[in-house]
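Two complexes come next, and they have one chain in common, chain A, joined by chain B in the first and chain C in the second.
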Partner chain A sequence: MGSSANKPQLIVDGKRISGRGPMDLRNLKITAGVLKKANGSAMIEWGNNRVLAAVYGPREVFPKHTTDPRKALIHARYVMAPFSSAEEHGRSGPNRRSIEISKVAKHVFENNVLVNQFPKTMINIDMEVLQSDGGTRVAAITAASVALVDAGIPVRDLVQGVSIGKVDGMQVADLDKNEDNYGESDMPAIVSLRTGEILLYQMDGKLTRPEVDNALSMIFEGAKKVREKQVEALRAKYETDVAPQE
Partner chain B sequence: MILDEVKEVYIKDLMKKGQRADGRGAMDYRPIRVEKNVFSNCEGSAIAYFGDTKVLAGVKIDVAEPFSDRPDEGIFMVNAEFTPAAHPEFEAGPPNEKSIELARVVDRGIRAANSIDVKSLVLPDGKVLGVFVDVYVLDHSGNLTDAAALAAMAALKNTRIPKYEPSAKQGAKGTFVREESAGNLAIKSDVITCSFEKIEGTNILDATDEEEIASDGRLTIAVADGQYMVASQKSGRAGFKQQELMSLFDAAVAKYGELAKYF
Partner chain C sequence: MDKKIVLPGDLVADKPVKLEGCFVENGKTYAAVVSVTQEDRTIPLKGRYLPNYGDYVVGIIKDERFSGYSVEINSPYEGQLSNRDTREEFRVGDVVLVKIMAVDEVNSAIVVEPRRLTGGEIIEIESVKVPRVIGRSGSMLAILRQYTETDVIVGKNGRIYLKGGNTVLATLAILKICREAHTSGLTDRMTAFLQNESKKVN
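And now, the complex of A and B:
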């Protein structure tokens, strides 16, 4: 949604600059359990994005007066490191954008985690964007879902997502930074494939009704591919060579 | 709050019977009213009333340096204040996640629709106009986003641009003659938002603050020119199915005219 000045041609001969087709995702690799101290963690490498997710809890609530006697509180924090962008040095700590993203990420996990099993506790989900190249919020939440499972916290589903955009009039999945900056629309979403529900939905751009419907279908299609990588990550950490006892 | 829990049960019980506390249908608005040009010092202003909800938007026009990566564009920014006057739970202090979310959703809708032609905001001396919308929540009885978006749009559509006199000094900012108008701010596209709250599986429009307490989640859809989705935001723990989201988009498009007539 950037300035039209310096806008590169994003679609050449029906292909994206990166050579990808409309539904092709960038390379995606998730590693579960990368941190020692955290109860659960995951590192996601998605295109040039690098996001670390760590989970602590369920643990005692701080500040104490916010305790909910019926459920665990979810504290989600999404932050971009000052060195994470290809441009200038950023400010450290949360800004308006990251505060908003932290809020909608929290809502995803308020739905996804079985919070009623852990009353009077809180679960902290920390998402640190170390390198950004478009689509960091879906990468962060996708990694956080793996980190929650790594922490052994009961969840309704592995949740994941992808961002769907429109560049040079074509709807494409998994926007990189250029496509995000100079594209006509961006729709990041997180879904649960088990329930068929959209748990995070944001968009801006200018889309007709068929385009919105098509983008939503593309999100569910993309999520299936992302989910495979989440399962791979958890298998790699937890699957053993020992055959189950008969 | 214990009172909140009592209200929550009451609202949910009613919703199971397909009823709302004030007798409205699921997709009905409360009485809406918009007052325009309520203040004279700012370049644009409007108050939107949705039932007992009152949200004010003030627009100031300033001279600014363009952002380094957008030298050919003016600046547009929406901020929101949840004043302590508006609700017992609103506290003075820096913006919190709720006011930031509201401001950013309203901002995204107007920005994505290209309502304001930012390229037209460049001044002859290379400086640009900054259009600053400040949303002030005065009385919170629910559905602040839609009231804020309506107030912002109504204020912007009635914003005058003060006369600008460039500085004689090279590179320095000029000054405004605020009493003299250089015409009205051009609005290229009209935007409204529709927020739906999901209570016991039913989506309702224009929720009151009590209904919001009972709500599992919200979907806000910004519609431009009666047909395009230009911004959207899901908030709260509820999930939405694809078909459900599309039907809410249809509902928002159907409601467009009911709000757009107030600009």
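And now, the complex of A and C:
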């Protein structure tokens, strides 16, 4: 969190610092199948966030002794490029924060992929943050879900999410870096719209019980918009396959 | 009925049915992979090959042991070839056509009847597109062979072995089939394409 001394005015005349209304998401664009060597891949451009997700597998497990004869292992790796952020992120490679996000992403996909269909294998999901402006974990997982589908790996649903927070006493969707740093609370979540399940749910800061209830309904509302973009990306890639005959 | 694309999580049927690339939850059937649905069938558009009993696949010898060989079959799972099932000797890197004799509950495969493939070239395609390369009762393969004079051996795992004739044209044709795999009237268009292209060469 940023120091309160240089905190900007986050809400002016009911509009946010970026000019958005409380429920407005930033511009969102997803492209499926951007990498040739990966089994599946996706690039997400969400506001100023840029995340590249790549999926490899199912393939032989490495290291071999970790093999599970009942299901596929999910290895998720979230990393931020050293040049991804305005603030200094130091050396490249995983740090405390990205290890945590890798772990929660892994749990999302363990409950999403039909892992029992691929015993003795592993699936690698790599999420590389090229540019960050708040909300990269939901962006990364949203992109990874598209990449998984692009890889032809069976999943229960497309998963997606949005972060809901509280800035200057107002609950808003899809926080950017300023709102995240100087706001009172940030709550990212990943959901499956088909079942209404919540697959990731974290919170920073404080919210009251009614605020949490409100945030949850905002998450599902935001997720619908995000899902549309995911579907658009996949249709753009696969629709040509079923084009009407000449 | 029209062909329709379905994405994971899309409802395919209101009752539990066993379909390729689908799963059943609470008595309803949903898609698990990007597929095309047509009437009461789903065809996945992507996915890795899983060994299946009776399939012929093009494999590469990956490892040699006292009792046999491990065969890489373009899949997350390997095939095992026992010395008991062959008199031939292979070396790591040899290309073989093998038949899948048995698959166990964790998808490990036993392969038999190895046939060594030498002097040709291999191309790899999506295994889900193999049926289109073969065509109805081998019609597509027949025209490929007719116009390119290439020996084409198609493994169910998406590996295709080409030898002799115009392999460049054969490769181009196969890649075209994969690109247009889900359009109808493909065999006729491929015939036209091959006729046209083979004229250019002569």
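Going forward, the second predicted complex is superposed on the first by the 238 of 246 C-alpha atoms of A that agree within 3 Å, B and C clash if a C-alpha of one lies under 4 Å from a C-alpha of the other, contacts with A are read in each partner's own complex, and residues count from 1 in each chain.
Note that in this section a residue touches a chain if its C-beta (ideal position, glycine included) is under 8 Å from a C-beta of that chain, and two chains touch if they have at least 3 such contacts.
Predicted model, so just to flag it, every value in this text is computed and none were measured.
By the touch criterion defined above, A:141 lies against neither chain B nor chain C after alignment on the C-alpha atoms of chain A.
In the superposed model, A:220 makes contact with chain B only, not with chain C. Once the two complexes are laid over each other on the shared chain, residue contacts for A:201 go to chain B alone; chain C is not touched. Contacts of A:38 after superposition: neither chain B nor chain C is touched. When the two complexes are overlaid on their common chain A, residue A:192 makes contact with chain B and with chain C alike.
Contacts of A:54 after superposition on the shared chain: neither chain B nor chain C is touched. Chain A residues 192, 195 lie at the interface with chain B in one structure and with chain C in the other. Touching chain B in their complex are the following residues of chain A: 1-3, 5, 96-97, 99-100, 102-104, 107, 110-111, 185, 187, 192, 195-209, 212-213, 216-217, 220.
Residues of chain B touching chain A in their complex: 69-73, 95, 97-98, 100-101, 103-104, 108-109, 111-114, 217, 219, 224, 227-242, 245-246, 249-250, 253.
Taken in their complex, chain A has these residues touching chain C: 39-40, 57-60, 69, 114, 118-121, 149-158, 192-195, 231, 234-235, 238-239, 241-243, 245-246.
Chain contact summary for the complex, chain C toward chain A: residues 3-5, 7-9, 21, 23, 25, 30, 32-34, 36, 44-48, 76-78, 105-108, 128, 181-185.
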